[in-house]
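Please find the structures below.
Two complexes, one shared chain (subunit A), two partners (subunit B, subunit C).
== the complex of A and B ==
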């Protein structure tokens, strides 16, 4: 069976063999602390006045506690869950596609999920959110599978071809979505529900994101397989593992995570791209080592973007998707200029 | 680089699936074919026109134009009230009160509101084209083909422009008497409404779309509720912006309006509206508006799509008057 040579130029140094330290743990603890601080900030920011004083005297400020429980805690949890799972989804995609520029939003995954949501909206507008998400997950799985199939069929000369293929595919899905949204006068609704935005998150309206969290844990459990799959198909087969099965598992995780996030809060670009790249600078390419880092930094990234979006124009909001686009692109450009010798 | 033959069927199946899906979608909607019959020559007597000033300048219009193309739902609504027949319309969706214009045989389509079908327009040789709102950006191109007047409403002087637009159309079509009656009736109802609204608490206007909310204040496209109907704004700091300000439920809780006016954008374009589902949450339920049953779901077609037509403003007014006329519910325990 003809395959790519395992040491394709796409992958930088094979980090698998690194005997080095288990990653700077104190640093991870510090990052975790930073995320906690951000989460605390997120709990206290909003239109209603919720302060520690008010919370400590619930008799005088009954509303503060109520707002905290109904609105702030769910929103903060949703931010953390979405950030963690999108970051890890990006990491898995990068390993499966063996390319550092891939993430659910550059590989047609999110776009096909969005197409799925549009189809559901048009054909069965009233169905429950779980069914909506299931359809979106089916679409994003098909879209991502198509992406990986195309990758197998084209000669890869440069690392840049992979994301270009993903962007082209994503643009095609996007064009289809836009076309039908236009024909059915849904363009503005489409824009509203695809822009990542946590403003409608309340108790009872985000819990689906826990499903994404479960998938992230699952990804951690089987992390070693993704590390191996990242070495290439021949390498994986030599170790006695089924490459297609690992790819299918990773695909399922990525597609479901993306669909859940897009269906509940919309698209948040760049997390899956920037966070795994930053992490790989710190701890290398071993998935088991990288996943805790990606989860912590992903959560921090989304928290930060949402806090900024809520503060800048108080009491109104800037959607987190917009802020993440700006912040993420800046970080990404910085990474590109810094490590241009490593990504190619 | 080649692929193992095993994968081939999979790829083909995937592609086939995409194609089938596409075809299924195309089948969902009858193909639109704006058939334009052979154009009758324009029947305007040259030199007999009168100058009409409008939102984008002034235009010489022949008296009693017959071949009229309308690219604005508000203008269509007003023309309907004045009893003026039109030659053609634009758009895909004609909400409730304008349903009769959906008959493409009687009223051929000349493109959409955002993208006029210029060739069809040219071939039809209209005596008059009416643009407004969504088509106003295409004014120059249409004006190059035939006399065109623009009926865009100015959000800052909403009611004045609605009246002005009605009077303009009345002048063009010689329907001054009808217009005077319509405007007089509207003004009277507004005065009557103002008397009640000013003492019944503050209102907040919220538009919902795709699961998100945005708030609108005085001077915005829905500001007529505050400025002309006399409803005191619950959030006076809201600046006028076309697409409102993105808000969450906490904003509504803190603003605590006595009246909540909801425009369900998704319902305006014929999708099952989720506004009620979105607003019915633990935070909004605590507001005075919700507790007293003073949440008014404004007719989305009249507010969002037709907004600015003389009849749509009247219907909006009636809807709000009805809401204020209802006996107050005792506050829920």
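== the complex of A and C ==
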């Protein structure tokens, strides 16, 4: 293995040259179309039958329309929003930590968010959901900051140690959460929160995810700053930007997105890791160019996991978080060894 | 007898102290608050203690041996995904055979088959990861952690697919807690542990040499590949035993093995292994005692162990243990 400086960002080169300054747009349109097809599929599957002709003649099938409006559309929207925002959150984290293997799930962010949820449930059970999410966001921000602090103190930082630290930190938060959940007989509710599960999404129960969408748009607006921050602290300062301020902004976005997603549907592991890595192969590492891609493919990935989870064992369903755990870890292993075979 | 024969070396004294403390823990655990119902309390607690002893032994020895084989203080079988693999195996077995078939099979046969698969897996993992050229320890570590996540997710996936009744059977059968050990499983586990220990005992001196590093060991005449495979087989048996009895405990082995190395300050496995076992027993029984009697918390020890072990892991990383 060639030696490299401990801070080397390890960003792999794009697989092929970009056709034009804006990236392969037709390809993006194609991917968007694929996501639309998946979303359509997601609308139509389920216990209660909803078919196209029912929708075209709503007067004859009032029940199908009701199912669609109250349950199916919110669910599909929630999937799309969660996938988009988690993917972009992962991309931002990877730029800030300058490491390809970091995302809310591998940095303790998601676990500290659920610890925050537990604490707020214990101390102030009747609090409105927005306040609950705010507390969770505070916790996940603190957890992620702790992660970055520990990283600084680890000598000989290898790119691969970073996610290990994050996963272990997550396990520590998880142990603390489990401890208190067990003490106060909340273990079962905890299970329900932490596995990403969209089966209980109905109209009125997912709207907070639009907040995650707004944050994603914000990330797109300030994307260039993250690209610069990804080049390192010295480079950023050289350009006259405040590196700590960019990091704080990025952390805030990531923590809030994670908290919103965990509070509404639970954890979906590895999306923020797999999707940005795949995207960087297609369009490279410019955040502004990558974010639309990450959003589209993130939504597609979550939709796909959900469709698989719903089809495998009808009429029951397997939570998205579980399917994403299986698929995501397989892709992650593939990424690891592909990279390794090229470096070593 | 001269006085010098009675004078103990520092590490021997510390070892004795640990042993005495472990025995004390067992004694207190067996007798505290018995309320005079000895005929009920003693056998009931004896089974609990036996489980703890077995599990503590299995976790401590497997971790120390694994660290020797991999020449690294941060790796444990659990971090490499071994115990989650065991859970996955159990789930697969139930998924494909069904609870009725599994229940009708001889538990000893079943256990032997599972362990054989584990050994096979560890052999493959070892060939693939440890002997690959240019594979860094970091890659290894990360692969292990992700494999753990994969196995866990796969198990959850299958557990969601199987019927709830079947799942209850799985939970019941394979995750006896400290509080309710299944006598059959306990007996099989004890048998397997003794068998593995006998095999391991013959490799004890080779272990000391392996601790010097692969190249040195080979130049000193150790058949590296064969010794390592055998040691990994022992590790696989012990991990299966501990996981079968109490389920996966990720960081406990790490905690115990590193404390043992730090306390005994000897490189000989004759010293390190018993110290690790004593520490495991002290940790499990003493921890349980403190939890139950002082904080009246009930059986929630594993979570605390995970917490402390995770902290120790990060401390080790910060101290640069991966160099």
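Criterion: the second predicted complex is superposed on the first by the 318 of 344 C-alpha atoms of A that agree within 3 Å, B and C clash if a C-alpha of one lies under 4 Å from a C-alpha of the other, contacts with A are read in each partner's own complex, and residues count from 1 in each chain.
To be clear about the criterion, contacts are C-beta pairs under 8 Å (C-beta built on N, C-alpha and C of every residue); 3 or more make two chains touch, one makes a residue touch a chain.
Being a predicted model, the structure only gives us computed values, none of them experimental.
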Original post:
With subunit A superposed, do subunit B and subunit C clash or fit?
Top reply: clash
**OP:** Please work out whether A:142 is in contact with subunit B alone, subunit C alone, both, or neither, and reply first, second, both or neither.
**Re:** first
**OP:** Scan A:70 for contacts with subunit B and subunit C and give back first, second, both or neither.
**Re:** first
Original post:
When the two structures are overlaid on chain A, which partner does A:155 contact: first (subunit B), second (subunit C), both, or neither?
Top reply: both
Original post:
Should A:191 be classified as contacting the first partner (subunit B), the second (subunit C), both, or neither?
Top reply: first
Original post:
Is A:109 in contact with subunit B, with subunit C, with both, or with neither (first, second, both, neither)?
Top reply: neither
Original post:
After lining up the shared chain so the two structures overlap, which partner does A:176 touch, if you call subunit B first and subunit C second: first, second, both or neither?
Top reply: both
**OP:** Would you sort A:42 into first (subunit B), second (subunit C), both or neither based on which partner it touches?
**Re:** neither
Original post:
Which partner does A:312 reach: the first (subunit B), the second (subunit C), both, or neither?
Top reply: second
Original post:
Can A:125 be said to touch subunit B (first), subunit C (second), both, or neither?
Top reply: first
**OP:** Would you mind checking which of 19-27, 37-45 or 73-81 on subunit C runs into subunit B after superposing?
**Re:** 37-45
Original post:
Shared contact residues on subunit A for subunit B and subunit C?
Top reply: 1, 153-156, 176, 183, 195, 313, 316, 318-319
**OP:** Sort out for me which residues of subunit A touch subunit B in the complex.
**Re:** 1-2, 4, 46-48, 66-67, 70-71, 119, 121-122, 125-126, 142, 145-146, 149, 152-156, 176, 180, 183-186, 188-193, 195, 197, 199-200, 202-205, 313, 315-319
Subject >> Residues of subunit C defined as touching subunit A within the complex >> reply: 133-136, 138-139, 141-143, 145-147, 149-150, 152-154, 156-157, 160-161, 250-251, 297, 300, 303-304, 306-307, 310-311, 313-314, 317-318, 320, 322-323
Subject >> subunit C-facing residues of subunit A, complex >> reply: 1, 101, 150, 153-156, 158-161, 163-165, 167-169, 171-172, 174-176, 178-179, 182-183, 195, 269, 312-313, 316, 318-319, 322-323, 325-326, 329-330, 332-333, 336-337, 340, 344
Subject >> Interface residues, subunit B side, partner subunit A - complex >> reply: 1-4, 7, 10-11, 14, 17, 21-22, 25, 28-29, 92-93, 209-213, 215, 245-251, 253-254, 265-266, 269-272, 278, 281-283
